[in-house]
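Alright, structures below, take your time with them.
Shared between the two complexes below is chain A, which pairs with chain B and chain C, respectively.
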Partner chain A sequence: MFARVNLYYTVLRISIAERLVYRVDFALGTLMRFLPIVTQIFLWDAVFQGMSGGIKTIAGYNNHEMIAYYLLTMVGRAFSSMPGLASSIARDIRDGTIKKYLLQPIDMLSFILMSRLAHKLVYYAVAVFPFALVFWLCRDFFKGWPDAGTILAFIASLLMSFLLGFFMEATLGMIGFWFLEVSSLLFVYMLVSFFFSGQMFPPDIMPYPWPQVLKIIPLQYLAYFPTAVFLQKVTGAELAWGLAAEAFWVVFFFFSARTMFHYGLKRYSAYGG
Partner chain B sequence: MSNITTYWRVFRTFARNSLIRDMTFRSNFIIDSISSLAWVFLNVVLYLQVFRFTNSIGDHTGWGRYEFYAFFSTGLIVNALAQMFFMTNIDEFTDLIRTGGLDFLLLKPIDTQFMISLRRIEWSSLSNLAAGIIVLVYSMTRLPHLPGMGQCVLYGVYLICGVAIYYSLMITLGASTVWMGRNLTLYDFWFYITTFSRYPMEIYTGQLGRPLRFAFTFIIPVLIVVNIPARLMVRPLESQNGWLAGFALLATAASVAASRWVFLKALAGYRSASS
Partner chain C sequence: MSLIEITKLAKSYSVFQKKEGLGASVRGLFSRSYKTIEAVRGIDLTVEAGEFVAFLGPNGAGKTTTLKLLSGVLTPTTGTATVMGHVPWKRENAYRRRFALVMGQKNQLWWDLPAAESFRLHQHIYNIDPQEFQKTRDGLAEMLDVARLLSQPVRELSLGERMKMELIAALLHGPEVLFLDEPTIGLDVVAQHNIQTFLKQYQQDRKVTILLTSHYMKDVMALCRRVVIIAQGRIIYDGSLEGILDRFGGLKVISLLVADGQMPDDLSRYGEVLKIEPPRAKLRVERSKVTEVLAAILSRYAIDDVSVEDPPLEEIIAKVFSDNREEVVGGSS
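For the complex of A and B:
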């Protein structure tokens, strides 16, 4: 047991060191990620200014809440996004690199999970400063801190969104066992997830029945749900059900990734040296 | 003169080879076209939602529903052209620097920047170009005045200026790989910087907005890429447009010259990574 923990701890440490090699690229990337939010703030400000009538709200969101929504989806995506995960798994299958996991006494999914965790930890260590700065600058868009229960639920939803994002992408990458080229499929997933996770805009602003439909799909947990929790758009029993459903999807995709890996390996054949 | 003919012939060969390559993997080409159209579709959905709640982007800015659609479609057209001719090539350029493959191109008896910039034409971007033109024509027919011949010609000229400014930015970012070692964030950086050009410049108001508008108009002139052609098409008679249109020509020339300078500097600083 100790040896196993030590093994994955070593993997984590190596991955962290690896992430820190290209520091300039990494820091620049982190900083750049905030630029679209700036344009969103101006766009929605202009949209609300252009509205007629006294109380200006869109599907229950006023101007400040809309901006807060976009800022918080960035936090959600900081946890749930897994850039390049599915494509790297598919590539490893295609070019045969995957056999290194089969020869070594290490489980591939756990190894990748550890390296992703390392990636995220380094990311948070760097990103916490620009995040703190941006949220401090934008503090007027928030009504203040929510209660402790909401914050706990928010943290739980974020942690689960990391796992959900990981296992969903891993499942997709495993499709590479059956199809040689999955890049187009991954692009479609990227588009669909950008839209259905609520990153593009809150699903609530769409006409009936779209908000209801979007809230059934697990992609909403990648950005919309944690945000709605923090903004207290989801409370009480709805919140408890939401967290339970998110946990269900994590377990579901954990098993789907495992199952696909299991059956994929039975199909897999490696060529070359 | 013969020089231009040679370059034109080389360009035609690049274009033909790219088309042959695309047509070899036809289903991939179709999927690429559909997926880029899907991205356009998602944006259309967003703006349809926005205009369910408001009649204009900003108060008295003149960007009503159809004016904004014309703006949006102009953005689509400029982006499609930039992607069709340059994006893949510049992305490959960063790889060539990193892997040392650039050596091979430096040996060719042709301008290296030309070779790097136009080696592959991304024909699947034609789908976005077509979508942009359709949305533009639709929105123009919904506006009270149809544009005249002169306006259409100027629109074409400023579209080319917009693409040239985007190209300058891309090649500058690509060339910076020589100094940075790895440039994985090129696409990201490109995406983030160009987000500023996606909306009318009037939305940048207030204490933060004004400096941003200034910086992205005069320092990194991405704001004029879409704004100028769209304005000339939709709101040609506004007094502000005259000097902005003049400035756009100047900014295009300066951007292209600056990017050429950066590119040559980068080549001078390039140390082969291979052999």
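For the complex of A and C:
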């Protein structure tokens, strides 16, 4: 047991070291994430300015809430996005790098999870500063801090969104065992996920039955749900159900990734080199 | 019981056949034709502990497939194999802790980090005692003369240096069986020699069992007493290196140094003339006729010096490969 902990700590440590090698690429990647928010602020400002009538809201969001929504989805995505995870798994299958997990007494999914965690930790350590700056500059868009319970629920939803994002992408990457080229499939996933996770706009503003549909499928937990928790759009029993459903999806995709890996390996070792 | 036991091991793949041209590509979207490639066609082999065995064979003969089967990366179509009592493709951790596979064309180290980091990771993957780990690592690094490079990123190492690091990584956990797939591919003569010397020394010291595939006869001559020739997925020879000469080397080369530059003009009646560069000449003669031919030549002409040699091993093996290919191609037509 202790040896396992030690092993995964080493994986984490080495992945962090690897992440720090390309400093400029890393710094640019971190900063560029903040560009879209600027256009969003201008866009929604223009939309709300153009509206006539006294109460300027769209599906219960006023101008400030809308910007707050986008800022918070950025936080959600900082946890749930897994850039290049599925494609790197598919590539490892295709070019045979996956062999090392077959030859060595190590579990591939745990290994990749640890190195992903390392990527995230390094990212947070650096991104916390620009995030703090942006949120401070945009502080007027928020109504103030929510209560402690909401913050706890927000943190729980973020941590689960990390695991959910990881196991969903890992499941997708495992498709590489059956189809050697998965890049178009991943592109479709990226588009669908951008839309259905609520990154493009809050699902509430769409006509019936889209908001209901979106709230059933797991993609909403990648961005919309944590945001809605923080903005207190989901409270009480609905919040408890939401967290439970998110936990269910994490477990579901954990097993789906495992199952795909199990059957994929059988296929791989029976056919390919 | 032998350390490695292979019985009727066979592996076939089904491969998508893509014909040339756009039209064929479009048709390929709707109906695909597959061809079965029999990479290994039922081989039997036993290897005892401490042996150093070379697998020789042309590209696509099934050498690498055999090593992949034995290391558990592939599951065979039919047949059985055990290595140290384990069935490789069950991939039990107990087995995976006891062997290593090094592929000359694949990189297993972390590209952007110093090799020392990858070694540290191996220490934890294989759960090696810290003191033991340090001792083994330093010992190997010294033997391979790369101690000063341990903290340099792997991407900045030369191919030869990287191969040495790959070997260290593979040997840290003290595997009892080592599979080496073309470990010297692409290396210059000096680097090849260094790796050979190291492998020889390591095998003698540790008595590990090694299966090696290589295209370089020098590797094989330097390291292995036992040679297994695989062609078209079958074992066509299993024995000593010298035995190849007896079995396949039916010809000898006689070199003559003619006295007074009087080159005879009828040498071709004794055998195939390979080269005439007065005062020297080379003849290829059947092994059984060597004494007869030599006696005839020496009695007839004034010869200053004579030597009888086997043709180069590479030449013999190349001939074995091509003969075998003709046989199989001929057989299937």
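Please note the rule applied: the second predicted complex is superposed on the first by the 268 of 273 C-alpha atoms of A that agree within 3 Å, B and C clash if a C-alpha of one lies under 4 Å from a C-alpha of the other, contacts with A are read in each partner's own complex, and residues count from 1 in each chain.
Assume a residue touches a chain if its C-beta (ideal position, glycine included) is under 8 Å from a C-beta of that chain, and two chains touch if they have at least 3 such contacts.
This one's a predicted model, so the numbers in the text were calculated from it and none came from an experiment.
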Partners on chain A (chain B, chain C) - clash or fit: fit
Touched partner set for A:35, first chain B, second chain C, both or neither: first
Which superposed partner A:148 touches (first chain B, second chain C, both, neither): neither
Chain A: partner with more touched residues, chain B or chain C: B
Partner chain in contact with A:216 - chain B first, chain C second, else both or neither: neither
Partner chain in contact with A:195 - chain B first, chain C second, else both or neither: first
First (chain B), second (chain C), both or neither touched by A:45: first
Partner chain(s) touched by A:237 [first = chain B, second = chain C, both, neither]: neither
Distance in angstrom between the closest Cα atoms of chain C and chain B, superposition on A: 5
Chain A positions touched by chain B in one structure and by chain C in the second: 22
Interfacial residue positions of chain B with respect to chain A in the complex: 28, 31-32, 35, 38-39, 42, 45-46, 49-50, 52-59, 61, 180-185, 188-189, 192-193, 195-196, 198-199, 202-205, 208-209, 212
Chain A to chain C touching residues, read off their complex: 3, 6-7, 10-11, 14, 17-18, 21-22, 96-97, 99-100, 102-106, 266, 269-273
Chain B partner contacts - residues on chain A that touch it in the complex: 22, 24-25, 28-29, 32-33, 35-36, 38-39, 42-43, 45-52, 58, 181, 184, 187-188, 191, 194-195, 200-201, 205-207
Residue numbers on chain C that touch chain A, as the complex places them: 13-14, 64-65, 68, 71-75, 89, 91, 93, 96-97, 100-101, 106, 108, 110, 112-113, 117-118, 120-127, 153
